[in-house]
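Note that subunit A is present in both complexes that follow, paired respectively with subunit B and with subunit C.
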Partner chain A sequence: MDVRQWIVRFSELVTADASRLTRLDSDIGDGDHGTNLDRGLRAAVAALDSDLPPGKVLMTAGRTLVSKTGGASGPLYGTALRRAGKAFGDATEVDAAGLGAALRAALEGIKELGKAEEGDKTMVDALTPAVAAYEGAAGEGLAAATRAALDGAEKGAEATVALQARKGRASYLGPRSVGHLDPGAASTVLLFRALADVAGRS
Partner chain B sequence: MKKLIDAVDDVVLDALRGMAAAHPSLRVDLDQRIIVRADAPRTGKVGLISGGGSGHEPLHGGFVGYGMLDAACPGEVFTSPVPDQILAATTAVSGGAGVVHIVKNYTGDVLNFQMAAELADDEDIEVIPVVIDDDVAVQDSTFTAGRRGTGATVFVEKIAGALAEADGAVADVAAVATEVNERSRSFGVALTACTVPAAGRPTFELGEDEIELGIGIHGEPGRERTKLRTATEIVDFSLSAINDDMPLSGSDVLVMVNGMGGTPLMELYGAYAAADKWLTGHGATVSRRLVGNYVTSLDMAGCMISVCRLTPRLAELWDAPVETPGLRWGR
Partner chain C sequence: MANVGIVLISHSRALAEGAAELARQMGVGEVSVEPAGGTEDGGLGTSIDLLEAAVRKADGGGGVVLIADLGSSVLTAKTYLEDLEEDTEVVLADAPFVEGAVAAASAAAGGADVAGVTTAAGEAYQFRKT
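Moving on to the complex of A and B:
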């Protein structure tokens, strides 16, 4: 699997969905999630060199996201990708076990930086079941595991609708944040859709 | 959406170009997107930096100058600046005595300033962050990201800026900033939502006869929606919320009646009259005041009241000369 294609695909999906993400954010946040992430990912894609090993690709993409995105999504997605890249180390190929370790590292990085746990109505609520589902299906190979992860992310994101936000700007709404899909969880679904798309190709 | 802009994507850059042209006392770096005092860095002076999303003007760029900030980093509209930008500002004002970052407590601001501070540390610049969280509308930090940083940011920037100008040490400048934050509280009310240029529509829908109590400064909805009330009722509600959290009786206070961008000064003065009366009636002495648009939320109508319980030293630092586009006296 080509991790550069993963970031490119993620960027394409976010571009296509930017206005929906921004609208979700307007409902419970400040209305910049789609435009922000789109801007950051375009910069990340532009910074990628196809000759780099997987770990370096993800670390470069992560660093660029941190540098160019702003908001909370830049540091969070940027840290996730950097941590995932570090987990790959010098590996030249992406296998199911390696990707699993990278996804786990990404999740831990986000939880650490955002100080969020499951149930806070953040991207962690989509990421956690996605990583768990991936690990559960890792024995069946990359394509199957990434499809399971996408399914986990979708279910986790959907479950944020019923939650009251405890982190980020949505938390200021209190009970009024209930009934809205968390925009960070929504974009996390796109991250896993991109992964499943790219892993399914190879 | 009707806005006085050329193109949605260029809103922030065009504003920076305008600031550069209008204020020769500032050095505006359009590539790095930072606003720096033309005379920075001054050797031995502590650098004072703040930043946050654009759309709150004059905060922060309008408070760069003598006696206040050394630099500001404006992000995209309502989006925190990025670490590279904050690092560029930090480097630009570093005079060898350390740099204080004034950060409003919003997740994105805190994370990006934190990353920038790590980068500055790599370059051997001492950075002390001070997080502002004065908004009493947010009550329980176990269930939220904690109180937001809002109007008191102006108090902190002015008072810490005065100490930095007087060659205070970095630890002392950070300590006085923390002290001002701890002694300050704010509460905001929106009469209308604002329209972020890139979104093109109001951030939330507010009925003709509705107001939103307890708003932040990014157009995010507040904690409660009610029917429109009189200015006096709104001011009383806001000051009661502040007083419940930080009793004001017997205190010498600095009060700011801040417009959110879309409310005329006439109405703000009306609100100030009610605030002055309420504070005096509740045993506080109003000794310093600001009325006007200082921390705005684009075109939102409404106001935010901020109160700081002064000490003689804080009052003296508040009165010290300041010369910035948004605030100037005594010089």
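Moving on to the complex of A and C:
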């Protein structure tokens, strides 16, 4: 699997869905999630050199996201990708076990930076079941595991609708945040859709 | 020993500059208080590049205390600290933005070190208004 294609596909999906992500964020946040993440990912794609090994690709994409995104999704996705990149180390190929370790490292990085846990109505609610589902299916190979992860992310994101936000701008709304899909969880679904698309191709 | 510098990180350039103006009043010309507000093009958001430049400007050799407003300001500050390679001491204070900035500038002007300025900024949470 080509991790550069993962970032490219993630960027395409976010561009296509930017207005929906921003609308979700307008409902319970500051209304810039789609535009910010789209800007950061376009810059990340532009910064990627096709000759880099997987770990370096993710580190570069992560660093660009941190510097060009502008909103909280920059440091969060940026840290996730950099931790994933670090987990790959010098590996030249992406296998199912290696990707699983990278996804786990990404999740831990996001939880550490954002101090969010499951149930806080954040991207962690989509990421946690996605990583768990991936790990459960890793033995069946990359394509099956990434499909399981996408399914986990979708279910986790959907479950944020019923939750009251305890993190981020949405937490200022209190009970009024209930009944809305968390925009970070929604973009996390796109991250995993991109992964499943790219892993399914190879 | 040089005074501790202060960097104010906000989503809004105007808010960061206004808070810096207010805090400098307490710093009596002794303390460098630098704003890092908004994105590079002046929009709402946070820029790690502006933060980096502000820290360099604020640092007179005594270290720098960061005070952030909401969400991405805090996350960007933490990400910056994780990457920090310089030898200078930079600390993110757990403090209210405006009151913490004023308290930090007063403490820094009084010659407090990084730990002292950080503590003073955090104690600003305790000033009740009613």
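Here is the rule we go by: the second predicted complex is superposed on the first by the 202 of 202 C-alpha atoms of A that agree within 3 Å, B and C clash if a C-alpha of one lies under 4 Å from a C-alpha of the other, contacts with A are read in each partner's own complex, and residues count from 1 in each chain.
Here is the rule we go by: a contact is a pair of C-beta atoms (placed from the backbone, for glycine too) under 8 Å apart; a residue touches a chain by one contact, two chains touch by 3 or more.
Quick caveat, the model's predicted, so the values are computed rather than measured.
Peer 1: Are subunit B and subunit C a fit on subunit A, or do they clash, once the structures share the same frame?
Peer 2: Overlaying the two complexes on subunit A (C-alpha atoms) leaves subunit C and subunit B clashing.
Peer 1: Under the stated touch criterion, which partner chain does A:9 make contact with: subunit B (first), subunit C (second), both, or neither?
Peer 2: In the superposition, A:9 contacts neither subunit B nor subunit C.
Peer 1: Given the superposition on chain A, which partner contacts more residues in subunit A: subunit B or subunit C?
Peer 2: Partner touching more subunit A residues in the overlay: B.
Peer 1: With the two structures laid over each other on chain A, which partner does A:75 touch: subunit B (first), subunit C (second), both, or neither?
Peer 2: both
Peer 1: After lining up the shared chain so the two structures overlap, which partner does A:22 touch, if you call subunit B first and subunit C second: first, second, both or neither?
Peer 2: first
Peer 1: Just checking: does A:173 make contact with subunit B only, subunit C only, both, or neither of them? Give me first, second, both or neither.
Peer 2: first
Peer 1: Where does subunit B run into subunit C after the fit on chain A, at 169-177, 187-195 or 259-267?
Peer 2: 169-177
Peer 1: For subunit A, which residues belong to both interfaces, subunit B and subunit C?
Peer 2: Residues 30, 32, 36, 66-67, 69-76, 113-114, 168-169 of subunit A touch both subunit B and subunit C.
Peer 1: For subunit B, which residues are in contact with subunit A within the complex?
Peer 2: Answer in residue numbers: 53, 75-84, 106-108, 111-112, 114-115, 137-138, 142-145, 148, 196, 198-199, 201, 203-204, 216, 218-223.
Peer 1: In their complex, what parts of subunit A are in touch with subunit B?
Peer 2: 22-23, 26, 29-32, 35-36, 39, 66-76, 113-114, 164-169, 171-174, 176
Peer 1: Can you list the residues on subunit C that touch subunit A in the complex?
Peer 2: On the subunit C side, the touching residues are 11, 39, 43-49, 70-72, 75-76, 78-79, 82.
Peer 1: In the complex of these two chains, what residues of subunit A are touching subunit C?
Peer 2: 30, 32, 36, 66-67, 69-76, 78-79, 113-114, 168-169
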